[in-house]
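Down below is the structure, laid out as structure tokens.
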Amino acid sequence: MQDFGEAFGLAFTLVLSGDADLFEIVALSLRVSLSATALACIIGLPLGALLAVTRFRGRGAVLILSNALMGLPPVVVGLIVYLHLSRAGPLGFLGLLYTPAAMIIAQTILITPIVMALSRQVIEDLHGEYADQFRSLVLGRWQMVQALIWDARFSLLTVGLAGFGRAVAEVGAVMIVGGNIDHLTRVMTTAIALETSKGDLALALALGLVLMVIALGVNALVQSLRMTAVRHAYA
Amino acid sequence: MHMRDAVENILTFDAAATTAARRDDPRALTLRDVSLTVGDKALVHGANLTLNAEGITMIMGPNGAGKSLLLKLAHGLTPATGGQVLWGDTPLDDTARRTQAMVFQKPVVLRRSVAANVDFALRARGIRDAARRDALLDHVGLLGHARQPARLLSGGEQQRLALARALALKPKVMLLDEPTASLDPASVLKIEEIVQEAHSAGTKIIFVTHDPGQAGRLADDIVFVHRGRVHEHGPADLFLSRPETQEARDFLQGRIVV
Amino acid sequence: MSFKFRSSVATALALALSAGIAAAQDKSIIVQSTTSTANSGLYDYLLPIFEKQTGIQVNVVAVGTGQAIKNAANCDGDVLLVHAKPAEEKFVADGMGVERFDLMYNDFVIVGPDEDPAGVGGMTDAQDSLEKIADSGALFASRGDDSGTHKKEMRLWADTDVDLAAGSGAWYRETGSGMGATLNAGVGMDAYVMTDRATWISFDNKADFEIHVEGDEDLFNQYGVILVNPEKCENVDAASGQAFVDWVISDAGQQAIGDYKLNGQQLFFPNAD
């Protein structure tokens, strides 16, 4: 139990002393996971919206699949990406393995289904409200998708946060495709795994605390942005 | 008058001949044996109806009679399972629908500013015109609220915004589904004014109501609907004073009609 | 316990802001290696010396020996530095590696709770002590991950008449994870663990555990270093990789390995020819 007290103290010391390694790792974590979240939104939001406004044969199966993919194990994603990016794999010529780019790719694959499935739900609810008006205006499918994404933007921020939360917290995928290389691909979660394996539980826990504070900070920032926007602009 | 010019400018569609009522006028609705069956439930039974290209037609009937359904069938929001919907002498299609606008009982308000709501309708027709948008907002008395979030408007204001958005399309036909239900009297009055102005500018109005008083104020002709059937159709004064069927008499006298 | 760092903040920032494609530096190689070497801190000591002399940046991927060999066989590395001699020789025989060089050795120890329920404290014969642990009914935690350490442990068990399959899940606990995780598990359930000395010395979560068995030659742990065959893997930077191999087996490299100490103890004993 003394680990907790030690961890809190250590977390404060690390942050306050401006530990360069810590900031490097935090910066990479944010860069990788925010990039993955942005990519997942660029891919997942339109797909989710399209799925919300379209009726076609086999739609039910697609919905089940996209919901099931939300539970993709990070390790499996990591393995699949590794097998593709490995020099022996089909995309090996790109030379992306053990780079932040590979980590961004893996996390994007991991969270795109989450963004897609959750945004599909959010947008389908909104579409229920707008459908008659859209049909009356004779809007094209793309116009509908754009309008729905824009009008659902505040709910979709939460969807993006859910994706970011999953990305920044996962360790399995980035460990495999990034390799946890010091000063190159080491992020918060792989550093925590490393310190745990070294038996330095207090330092691992301290890093965990820092990670939680960062996740909390990102959430609080987005939430306050949302509140401000809702209050001052558009409900 | 300056204001009057502006109103006419934003309201009138470019139809050279709006006078002579003709069969090929795209504002004239014809329903031929139109029916709607969902599962094994028949909601509308073989409706036959012919409306003039001009004037304000009110559709009346008790709750659940199928008034709104009839409007949605006419506009194509709900596809008919039998029969034919004609505007002029052409079957309803997207082209026809683009010349029409619909206002719903519960106004559909986009989650954006009041001005952006009108811009949205204009852009659906490929138009970006802030001056026209402002004129429309001024016309429905919302220019002062242009930058506010539309969802924060009162119920009456939201419905006026929906009207502004409908008028932005310069529709040949405007379909309104109980737009004043559950609104305060001042809002009702304002909305009726706006509808009448649109009508004077040449727009055909088809208006669902269950309020005989409103029908008396606005209607040129009245369609009475009951249990998914068109029971009566005739001039407003005639229908309101001497309805032909017992159901219509009961309805107008405020008795429960089953 | 402090968070060590070795390269400059400027490099760190540059990497953090760069587009994310590798080879930001002119010359860099990937060394597929083991968690035990990486966790011991050896690379943190060696690599800056090498990088300073050659300008070649070395990126270490630390995984189990089995996975390291597999990754290298997929051409995902320039140099392989592991400790499982038979597997390494097979790697070279398969044509994936150019040549294997003995590099250094460290040794394994068997650690356990200080009350020593199996009574193996002070024993110097690895097989005898393993048999005694098995007979006593005390717990034993194994990595069970096909790593070099695990392979070594299996070879030791093979010479005993203990039926591991029967004990698996009962007194014989396979964690299927790295050395550190297995030590954590062992400490958590008072199980004996065979670990390399380097990991043990640098391990911080020892609780009441101590070394009970050490010194048997069977417990010595030979490391080898191999350049991945550039003829099989065209992405291999043969020149830089060879420079690294040449350096670690050179007098200077061997000297540096011997110089590395943790808590005042030498962890690796250079023995290149």
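Labels A, B and C are assigned to the chains in the order they are written; within every chain, residues are numbered from 1.
By definition in this document, contacts are C-beta pairs under 8 Å (C-beta built on N, C-alpha and C of every residue); 3 or more make two chains touch, one makes a residue touch a chain.
Chain labels with UniProt names: A = ABC transporter permease subunit; C = Solute-binding protein.
Computed from a predicted structure; not experimentally measured.
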{"item": "Chain at the geometric heart of the assembly (C-alpha centres)", "value": "A"}
{"item": "Maximum inter-chain contact count - chain pair", "value": "A-C"}
{"item": "Where chain A and chain B are represented by their mean Cα positions, the distance between them in whole Å", "value": "47"}
{"item": "Centre-of-Cα separation between chain C (Solute-binding protein) and chain A, whole angstrom", "value": "33"}
{"item": "Centroid distance [mean C-alpha coordinates] between chain C (Solute-binding protein) and chain B, Å", "value": "79"}
{"item": "Chain A-touching residues of chain B, taken from the complex the two chains share", "value": "72, 75-77, 94, 97-98, 100-102, 104, 108, 110-113, 116, 120-121, 124, 149-152, 169"}
{"item": "For the chain C (Solute-binding protein) and chain A complex, residues of the former touching the latter", "value": "1, 3-7, 9, 11-13, 15-16, 19-23, 30, 35, 39, 44, 59-63, 71, 73-76, 178-181, 183-184, 202-206, 233, 235"}
{"item": "Residue ranges of chain A in contact with chain C (Solute-binding protein) within the complex", "value": "10, 14, 19-24, 27-28, 31, 86-89, 92, 95-101, 104, 179-184, 194, 196-203"}
{"item": "Of all residues in chain A, those that touch chain B in their complex", "value": "129-130, 132-133, 135-139, 143, 147, 150-152, 154, 233-235"}
